[in-house]
Amino acid sequence: MNLRVGIIGATGYTGYELLRIIHRHPQAHVAWATSEKSAGQRLGDLYPSPDPTPLIRLADAPLHEADAVFLCLPHGASMEAVATLRAAGVRTIDLSADFRLPDPQLYQRWYGRPHTQPQLLATAVYGLCEVNRAAIRQAELIANPGCYPTSVNLGLWPLARAGVLGANVIIDAKSGVSGAGRKPRLSSLFVEANENLSPYSIGYAHRHISEMELILGAHVPQLEITFSPHLLPVNRGILSTMYIDIDPDLSAAQVRDIYQQQYASEAMIHLLPAGQVATLRHTVHSNRCAIGLTPLPYPGRWIVTASEDNLLKGASGQAVQNMNIMFGLPEASGLL
Amino acid sequence: MNLRVGIIGATGYTGYELLRIIHRHPQAHVAWATSEKSAGQRLGDLYPSPDPTPLIRLADAPLHEADAVFLCLPHGASMEAVATLRAAGVRTIDLSADFRLPDPQLYQRWYGRPHTQPQLLATAVYGLCEVNRAAIRQAELIANPGCYPTSVNLGLWPLARAGVLGANVIIDAKSGVSGAGRKPRLSSLFVEANENLSPYSIGYAHRHISEMELILGAHVPQLEITFSPHLLPVNRGILSTMYIDIDPDLSAAQVRDIYQQQYASEAMIHLLPAGQVATLRHTVHSNRCAIGLTPLPYPGRWIVTASEDNLLKGASGQAVQNMNIMFGLPEASGLL
Amino acid sequence: MNLRVGIIGATGYTGYELLRIIHRHPQAHVAWATSEKSAGQRLGDLYPSPDPTPLIRLADAPLHEADAVFLCLPHGASMEAVATLRAAGVRTIDLSADFRLPDPQLYQRWYGRPHTQPQLLATAVYGLCEVNRAAIRQAELIANPGCYPTSVNLGLWPLARAGVLGANVIIDAKSGVSGAGRKPRLSSLFVEANENLSPYSIGYAHRHISEMELILGAHVPQLEITFSPHLLPVNRGILSTMYIDIDPDLSAAQVRDIYQQQYASEAMIHLLPAGQVATLRHTVHSNRCAIGLTPLPYPGRWIVTASEDNLLKGASGQAVQNMNIMFGLPEASGLL
Amino acid sequence: MNLRVGIIGATGYTGYELLRIIHRHPQAHVAWATSEKSAGQRLGDLYPSPDPTPLIRLADAPLHEADAVFLCLPHGASMEAVATLRAAGVRTIDLSADFRLPDPQLYQRWYGRPHTQPQLLATAVYGLCEVNRAAIRQAELIANPGCYPTSVNLGLWPLARAGVLGANVIIDAKSGVSGAGRKPRLSSLFVEANENLSPYSIGYAHRHISEMELILGAHVPQLEITFSPHLLPVNRGILSTMYIDIDPDLSAAQVRDIYQQQYASEAMIHLLPAGQVATLRHTVHSNRCAIGLTPLPYPGRWIVTASEDNLLKGASGQAVQNMNIMFGLPEASGLL
């Protein structure tokens, strides 16, 4: 099998990363790639790369000549394009937030605009691979998870699913600057971010909270998320340091056992030995999520550290992992 | 007045920073500076600086020709030197941890060695300027606070003193690499720290917890500190993101009022307007501590962000502020 | 004396740096500061700083209530404002390139636009302090030198003036990102500049060559400059590594002697001992230029390394040094 | 074919990089890996990686169970180990400098110690793949080139070989800190290298000059190299900016043609279009060398920019490329 892949919005950081992955994927190749702004150029004209992939306008893209299409468009801009693709019967992986929340009211609340394709929401599968693999296999439309929620949900899902996670979850998260995209803005300037660390949208303000409530809230009643992202002077990587309460009757061995059972056969989860914590270096340039478990001396209280590469496991890598699952390919194909 | 200043251990990052401050201090000058390893050289031989200060051995230092002496020695090595200075009647500011904890048992517990000068502990004043100013004025021996505790204690002291701070205090702290000192070690290498973020000694393990318990615990019974330091790829700066519970009956305005009253006349505290958070950039290369107050949508829960320059307000700057207070100089002299 | 200082264009990196210097200057204070975009706000609203300086529109600035005015406007925008200030009789220091080149044809050639105030060019003094001090003392209008040329000209001026510098001068220069200003653009984004090094405008293309030809060319006939700037992933600092030919009959001691005589009493020049090279760290956050002299084993060939802080000695620091000279103040006032 | 690979000295940066490459190499696998200091541990104990490769002592390594062995030992320490491997008949790729110079006198001069295995020197092939491919195919012992010389030699080889390169070659090179290895030392500390740029061993002092003289000097009589390395605050990557004279009668098109003919079928050379310059970003995390050609307005003078990843094309990547050539594998296997 050699899948024909279309990439819509190929010139941002996630689109570029997708191109790199698909180029080295043994069972897939890039059929076409679009950019409204740079149509007519080649990717190597925009990036310091010899990549000769031509960029075309979306209107000129031969949708039917793709087995799978990835969308790397801004939130809001993706809805219409997904509807077109689905109408054409193309299997679609959307990296925007537009199909992550099943309830259009929720979308309106967090993203401040009405959802124009609510009829498609029920068909979308939230592509958190380790959690929703069975549904992903059957999916025609994948909503690829957000970067922060991937680290948080993978880090806490085993406890939530086991019914032992307490309602008060505090997440102190730190992300590299590529998470802000390739659009020039003051806060993304080198001089502003370098030698600095900036909390932003802390408390209960960041849109990604909705995805944590979606996944963890399914198992934790009255979940109360506190989420504090920080802009970190590195190119890539997310570290989430999470302060949680769990059932105080569980021993440390039992807690670890919950994770080991959940993730025993997961190639993309690096469960760290007792006494170790996740660092960015554990996962940058990989498609893995590293998870460390640290007990506190206070009964039932733990710190979970989880790291990932925000452009790989937190975006384009997980998107390809979803494609691999959808098409029955080895899950790690292209993601070594 | 022109104070004669001695600096013991002048070649580490805090010693070098002290030299730079004293050189530009209008009412003080460097009388002598010591280094056991580099005696016979000049400071400018060790740093890319034209600083011609000669380095001598401690044994050769004319203790009596100094009005104030700063010690920048490793924990444990400071005790004896302080005893010598105090026996000579010299006013002393110790940047090590050796005289920060009033109880020698506590010292033994956190630092893993017996205190050899317990008789001096009662004479030492914990030099957190904004909290202990009156005692500092009279002090002959100052224990200069640790870098992390300065940001934490200044950030939470108003609430603790007002009796409204809850027992469960979670501190997610991030520090630049200069906090690890100038000694070559693997984790301080550029390639190891750059493009990385590493939690270390998280939970209830770091020695600096003892200083938070000392200051905040005086007002908060049953205090339960959770403290997670992270090594950050910047040269200098500490940001502490603190998750706290307070009396839920307090309005946001009342909380802010508590800080404003406490810090109204403090030149070194930058209390940020509502809606703002502290970043490293607020305080790096200054002697200030910036404090931001962010309410959560959960009653009685807040996030306090506090930043400082770990080498200035978190070490050498605060040490000079202590000297200024001790000698009746303008508190900001040399610290502009 | 307490000079009243006006700053036009106070919100870019050089304007902000000027404000910081003037705030700590013992014989000057900020009378007013302008920003067309941010008028009505305070500086501390735009920078993570407690600086309360109000920003006004240039049209509202009381020009006569300033003894000295600094202009931090883009090239081209400065010409008219300077003319207005000079007509009002205010002593002016222009940080743009608009008055650096005495010949309007040269300005047209390098800056691609006609000079609209050619009559003022003859009155402008090129403010390279160590070279033009006598003229600066009398000046009413200073053209503050460019960042790159300051390091190059200070590094080679002694040899040029002594008549021993050969015509073929190769300069490999590296600058921190603040040199590109605070305007959002793709190449200044953190992710683009970090973990990267980019040559740009190399060979004979960069406008700053004109200032090197101005200063060095006055003494070196047929000067052939090759100038290769590189964008360096640091906030501030310039290092110029210069490959030159000089009179092969000069001994190493004679070469060094030429520098020592020229710079013997210069507080802002740090002439490094034989065997040392200039690094960024020698000068960042100072107003100095560090210069290292390295002989090659080929007769008459040398490498000169020169570093400076591009925002201080390369811009705002040198501008204040010029002000100090113009008004008879101690040359290092505010520049410690 | 599935080659059995042994790696001696697997825990430094180049050894770790080799392990990563061989793990993803489709026709090779790691048979054993050695570390004297960390024998008994697994690689994942030393790096933030799940790599389970066990580390053994060299004395315990089953030499005959490897088809190819890589040595990542310090200069000087490699000689004896290579002799043992060759005596055992194992094909060997040495990443140290010990077999790069054919003349033991030259080795003594540049490395300050006698060569203990001079009889092997004649059998060693200098593994600059694009230059020595035919010899590499037959080689039993490869001396893998140094990081700096790879960028310099690949950047200038076409001109040297064509007989048009002038004798005076000035190389201003900049390298990331991983080039200094993983051994803790002051100059490699984060705080020392970050926000800094340091020239070192400039002029005619760095050992790597010997490899430039070896390759370029074979075609350029009286070659006069000037070589100025700079320590750059990035993890990886080398950029060499080279100032050269060539035959002034050559047109720009002819110069470019020389490169195109030499490198037409080279997958690892990225010859940039006219008007472009090489940046680190062109090659970091790839096994390519990017080359840009910039004419100067002075007849016969050019700037050549060449970049590479110092750990890949400059070390471990090129080592695997050599292995691929030696064993008749696709040259890019494992190096995508």
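Think of it as A, B, C and D in the order they're written, each chain with its own count starting at 1.
The definition used in the following text is that a residue touches a chain if its C-beta (ideal position, glycine included) is under 8 Å from a C-beta of that chain, and two chains touch if they have at least 3 such contacts.
Since this is a predicted model, take the numbers as computed values, not measurements.
Engineer: Can you name the chains that touch chain B as well as chain D?
Structural biologist: Both chain B and chain D are touched by A, C, going by the contact rule given at the top.
Engineer: With centres defined as the mean of C-alpha atoms, identify the chain lying farthest from chain C.
Structural biologist: A
Engineer: Round to the nearest whole Å and give the separation of the Cα centres of chain B and chain C.
Structural biologist: So the centre of chain B lies 37 Å away from the centre of chain C.
Engineer: Between chain A and chain C, tell me the centre distance in angstrom, where each centre is the average of that chain's C-alpha atoms.
Structural biologist: It comes to 46 Å between the two C-alpha centres.
Engineer: Could you grab the centroid distance between chain A and chain B? Build each centroid from C-alpha atoms only and quote it in angstrom.
Structural biologist: Roughly 39 Å, centre to centre.
Engineer: For chain D, give me the residues that contact two or more of the other chains.
Structural biologist: If we look for residues of chain D contacting two or more partner chains, we find 192, 194-195, 233-235, 279, 281.
Engineer: Which bits of chain C are touching chain D when the two form their complex?
Structural biologist: The touching residues are 170, 172, 174, 192, 194-200, 202-204, 224, 226, 228, 230, 232-237, 239, 241, 243, 277-281, 284, 292, 294-298, 301, 303, 305.
Engineer: Would you pull the chain C residues touching chain B in the complex into a rising list?
Structural biologist: 24, 48-50, 195, 270, 279, 281-282, 285, 288, 290, 336
Engineer: Which residues of chain B touch chain D in their complex?
Structural biologist: Touch residues, chain B against chain D: 13, 176-178, 182, 184-186, 188-195, 233-235.
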